[in-house]
Amino acid sequence: MPQFTDLLFYALAGLTLLFGFLTVLNPLSRSPVTSAMFLVLTILSMAGLFVLLHAFFLAAVQILVYAGAVMVVFLFVIMLLDLKEDERRHFNQVAVGLGGLSALAIAGTLVAAVVKTVPAAAPAGRLAEGETKALGRLLFESHILPFEILSLLLLVATVGAILITKKDLR
Amino acid sequence: MTAMDSLTPVLLTPVVTALLLLLVPGNLRVVLRAVAIVGSALTAWTAIGLFSRFHPGEAGLQFESMVPWVTVGPMKLAYHVGADGLNIGLILVTGLVGLAAVLVSWNIERHVKLFYVLLMLMISGAMGAFASLDLVLFYFFNELALVPTFIMIGVWGRGEDRNWAAFKITLYLTLGALTALVGLVALYVAAGADSLDVTVLQRHLAAHPLPVAAQVWIFPLVVFGFAVLVGLFPFHSWAPLGYAAAPTATAMMHAGILKKAGLYAILRVAVPLMPEGASRWLPLVAVLAIGNLLHCAWVALRQKDMNLLIGNSSLAHMGFAFLGIASLTVIGVTGTVLLMVAHALLAALSFALSGYLETQTGTLDMTRMGGLLRRMPFYGTALVMGFMAGCGLPGFANFAGEATILFGAWKALPLLVVIAAWSGLVIGAVAMLRALRAVLQGPERPEFARVADTGYWRRLPFVVLLAAMVLFGVAPGLLTTRIEPAARVVVAAHRASSPAAPAGSEAPAPAASAHSPGTPAQSRH
Amino acid sequence: MEHAAAAAAAAQHAVESGSKVQDLAWAILVLPLVMAFGTAVFTPRDRMLSAAMNIGGVVVAFLLSFTLFCVFGGQSVDATPFHWLPVAGLDARIGLHLDALSTLMLLVVTGVASLVMIYSTGYMHDDRSYSRFFSTLSLFVFSMLGIVLADNLLMLFVFWELVGVSSYLLIGFWYEKPSAGDASKKAFLTNRIGDFGFMLGILVVWSLAGTLDIAALKEKLVANPALLGPWAGLAGLLIFMGAMGKSAQFPLHVWLPDAMEGPTPVSALIHAATMVAAGVYMLCRVFFLYTAAPGWPAVLGVLDVVSAASIITCIGGFTALFAAVIAVQQDDIKRILAYSTLSQLGLMVMAVGLGAKTGDASASMYHLVTHAGFKAMLFLGAGSVIHACHHEQDIWKMGGLRTRMPRTFWTFLIGTAALAGLPPLSGFYSKDEILAVALEANPIFFGVGVLVTVLTTFYMSRLLLVAFLGKPRGEGADHAHESPSSMTVPLLVLAIPSVMVAWLPIGGFLAHHFQPGHAAHGGDILFGPFNHNPIAAFFGLGAAIFGFSLAYSLYGNGPAADPLSPRLGLLAQAMRHRFYIDDIYDGLVVPLHNLLSQVADTIDRWLIAGLAVRGLAGVVEIAGRALRLVQTGSIQTYAFLLTASVLLIVLLALK
Amino acid sequence: MIPGLHHYLIVSALLFSLGLLGVVARRNLFVVYMGLELMLNAANLALVAFSRFHNNLNGQVMVFFIITVAAAEVAVGLALLVALYRKRQTADVEDLTTLKL
């Protein structure tokens, strides 16, 4: 008798894929804003999946950082550049066709590979200590160096962004 | 033989001269010329000394000296030089032509120092190529001689398309040399001997010869690789253009000496070490030689430019050389080596003559010349002698070479000999005499009124080359007695491997040739 | 240094084998060469010295050959050879062979050469390159002596070509004249075609008989007549091709009339007496080839019915007739003599061909010797006429020279009579021997011989009557005066052998050489022919008289122009243009060669240089251009390519 | 059917190919960019799935880092887009094919 969580998985997976598809090829409107909104929804449904996979901290991070911060910047920039609704240009058949073809090919290959592999061991139960604490300890004990470097990366990224968008650069 | 008595001095002198030239400041032209002349004269003198001290009639190597150079894993490379019948004549001729080339380049005005250094490199490269018995060393010296050719044609060349000619000549020769290198490496690997020294390879292969299958694909690589250097028929189109664009000295050295390195390598490496390969592939080479003999001779007929005429007719002579090799008889091979020596002198002399003519008349277009004999008697006589030697007049070394080849190759390839005789005697003569008629005879042209004959100093190169040609024409025995033992070694491998060949080139087996299929040769004895 | 060593070796070689008398032959051979080399290098400026040196050289050679002739006479002897090209199996050497044939020929060559040289001191007196003339003449004498003394085929070939070169240099002596330049080129190239055949003949004989030495070859052929097997005929013909080139027989005769461009002494020495005779001499030398068993290779089966000798006879006969006919309508004095030489040579070759049947070619050698004498005299006579008439060569501008140049006239008369074959003179006896051999071997060629005699007498008397008798037609001839003694003395000296040679038993001496057993018909030489073969003698004499009377009837009264040409009309036109053979050659052979070379050149330029080389470069370029298209600049393409390649790699990895 | 590792991986694969489709097919740079984000998230999903089914948290640490990097990347990317837009007034791929601004 299917568990509730199993149903939930299928629902969330379906939603993620649907929203993913709409982000990319939205039959109704071609404006990037709609794509952005659908991307946000995809991220949220992904967060749901994370919860199913007992990655609670990541789900939170996903929502907060990704959906919250990143997509906001995205929308901000889209709005800033007040893109004209890209008028109905000739629909580049070749590119879409080829793109579709290659996407399908990649999907087919990966799925075939996945299906052929031997399934992993059954998932263990909940961690005694709780996933987030374990993640935190792991993060600050064995992965401290990458963590610090990451902070530096973020600094560089921000400075870079500012410099690139300065008006009188050249 | 005393230790001093080795080939190294003859190799070293040009290199030392090149170094000395580097020390002399660039603007002292006279000093540069003097050093170069003294250097090349010394080389020539040592070469003559070596030639005369060479004991004729003895097989095996003389003036041998061996210095182990580097050992790369199993392979031992050594500076191994020695002289035998094949290369002693060529070493002598390199010395003479080197001297003549230096003497002839009095009209070089730009970068005189660089020119002479490059010329000295060419001479030492050629000398090294002929003297060395280690294939790697041979290859190194051969390339050392080719590089200056490219630079000289590019910088001091003639005509507006000289860059194109320089590129063409270099690309052709490098491709040829590379193919040959592949062949040599394949030979080394297949033979499994532990060094690339020809003598070691010879002993090794004599003991256990290469499997026929291997020979059949290695031999063409080596032969056709080196054949490109010599200008065998399909690969010949670089030669005339290259020489027409090259300055006189380069044309002399390249047409005269470097072309022979290819033939020498074929005789030294390809034919003796791979007899089976030889007997299979040489008939094809012989057929291609027909191309040289007829095609290049006819093309020579068409030429208006004297250098193109000489370039093409020297290719026709190469046809003879290949015929001699393809005959695989002692007489044929001796004839080829004799022709190599003779042709070196002839090609050098012809290009020296055309070079001098160009300095006087400013053009090489024979149709615009005429009646020069009156103003330039000495030059005219030298030209007549040179061109007569070109069409195989007895009294010059070329006739001795060509006659020996005709006699040697008659039994093996009679049809080819007929073609060679026709090309050498008739077409060659027509081309050369048309040139003489156009340039020397006929009424005098006003525009060439102030043409000057050669002064004493400018006469020397012609005299040196002509004297050598006449000497070896009157007494070719000087050369043949030295060449024959080595030629016997080259052919011995072939005769041993195919007893079916006629008992020996000496025994007068009748010409069981192609064009008497029906008649049973009754008088076989 | 090298050169001296080689010469010393040769000399030392001669000494250590005991300087036999016949080693004088080396002196005879080398003397003219040394003189030629000496004049060319050391005394080109000094005219007198160079002339003296060269003449001295040849005269000493003449004296030495005379001594050799007396000492050895008919015996055959060999001087010590010099091993020229010692290669395994091919022992090419310079060996000198003395026998009846060569000693006699030595006398003829050196004799005529010295007289011509003395003559040319006068003729070439005001020429600019005086000493060059003499040194080239000596070079020619050296090469001619080489042919005469050669004892093996390769040496014969070597000196064959050297003679070719010296004739090239002498014909093209006045190189400013374009016609002289062309004539010398034509002569050398036609000879070269003959030499091509000669070389192939030598190769065939060498490969079959294994030796180049003529004496050894003769023994082998005598021992085994079928030695050459099916190749005998071809070898004979190929070697004859060499003679055809040199003795200007029919297909290769075109160069001789043009060779008259050279100075007259050259024509006298080379194109009358010696060089052209070399072909006939060589045929006599290798005569045994033609008497051996004939045979043809299967592929030439059709020739089985006829032997090489008969082909030679036909060619000789045809050349004789053909040249005589042309000579009738020539106007240039030297051209007439040139065609007459051509025709006499044809007779000699015919005699050799016919002699192959009877085994005795002495008739042709005898005629060669006498012909050398009087033809050289005729040419020198013509030279003195030209010299006197200020280089006028057209006989229709001469006339009445009999009174103005008596000595030249009388020697010219004797020469013409000898050529025509009137009894007391040498021409009669040698021509009679040829007619006798022809009668005995093949009557058709006897008819040819008689017809040729008629024509010869006709055109020679035409020349005599027009040039020497009647009134002077041109002002040059009007105030012509006798040539200086340096020119007329050699004429007189040459007149002696034309008359006196008949009384020397030369015929018998030569017959002894070809058939040692044959008894030389001794007794009175003077009337010998009449009682040995009266028919030949009378026919010969009759033909001469008939020819003269015909000429006298036409030209006796000193006509202004040639009365014969309107009568003959078109034929005369053809005769003047040498039956258009030269034009055919120019129209056919030369363009063929040009066409071939044009084809070769285009192939070379387009096919090899173009297609092969540029083709390769072209392929590389096209490949480059194709790859350039991929860089479109649009991100989509790159992304797609990226995906495609990732996909490919994954697939490969997974497979 | 209990959702095992396979299911998650299949979902991630499909998501990845959707992202790829976006990158290759769409001509607006922003959407291409979003496609890129999608591909990144697909990878995250796979990582988390693996860490869940292989019972160690390394996968999750990786995802954490990826998210940070993605954030940095978006910042810079968008800055580039802004600069590009200011220069060429377009964000359409077709106009930017001259390999030189």
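List of remarks:
Should a chain be cited, it is by its letter among A, B, C and D, assigned in written order, with residues numbered from 1 in that chain.
The working rule: contacts are C-beta pairs under 8 Å (C-beta built on N, C-alpha and C of every residue); 3 or more make two chains touch, one makes a residue touch a chain.
Quantities reported herein were computed from a predicted structural model and do not represent experimental measurements.
Of the two chain pairs examined here, C-D and B-C, it is B-C that is joined by more C-beta pairs in contact. Mean C-alpha position of chain C lies 100 Å from that of chain D.
The distance from the centre of chain B to the centre of chain D, with each centre set as the mean of the Cα atoms, comes to 70 Å.
For this pair, chain A with chain B, the centres built from the Cα atoms lie 76 Å apart. For this pair, chain B with chain C, the centres built from the Cα atoms lie 36 Å apart. The set of chain D residues that touch two or more partner chains comprises 20, 23-25, 27, 94. Touching of two or more other chains is recorded for residues 92, 95, 98-99, 102-103, 106 of chain A.
Under the contact definition stated at the top, not a single residue of chain B touches 2 or more other chains. Contact between chains, per the stated criterion, is found for A-C, A-D, B-C, C-D. Chain contact summary for the complex, chain C toward chain A: residues 636, 639-640, 643-644, 646-647, 650-651, 654. Across the interface of their complex, chain C is touched by residues 20, 23-25, 27, 32, 93-94, 96-99 of chain D. Of all the residues in chain B, the ones that touch chain C in their complex are 48, 52, 168, 234, 236-237, 241, 294-296, 298-302, 330-331, 334-335, 371, 373-374, 384, 388, 391, 393-395, 399-400, 403-404, 406-408, 410-411, 414, 417-418, 421-422, 425-427, 429-430, 433-434, 436-437, 440-444, 467, 471, 474-478, 480-481, 484, 488, 504-508, 510-511, 515-519, 521-523.
The touching residues of chain C, when paired with chain B in their complex, are 1-3, 6, 83-90, 92, 154, 157-159, 161-162, 165, 169, 172, 175-176, 178, 180-182, 184-185, 188-189, 192-193, 195-196, 199-200, 203-204, 206-210, 224, 226-231, 297-299, 593-594, 596-601, 603-604, 608-609, 612-613. The touching residues of chain A, when paired with chain D in their complex, are 2-3, 6, 9-10, 13, 16-17, 20-21, 23-25, 30, 32, 35-36, 39, 42-43, 46, 49-50, 52-55, 57-58, 61-62, 65-66, 69-70, 73-74, 77-78, 80-81, 83, 86, 89, 92, 95-96, 98-100, 102-104, 106-107, 110-111, 114-115, 119-121, 123-124, 131, 134-135, 138-139, 143, 146, 150, 153-154, 156-158, 160-162, 164-165, 167, 169.
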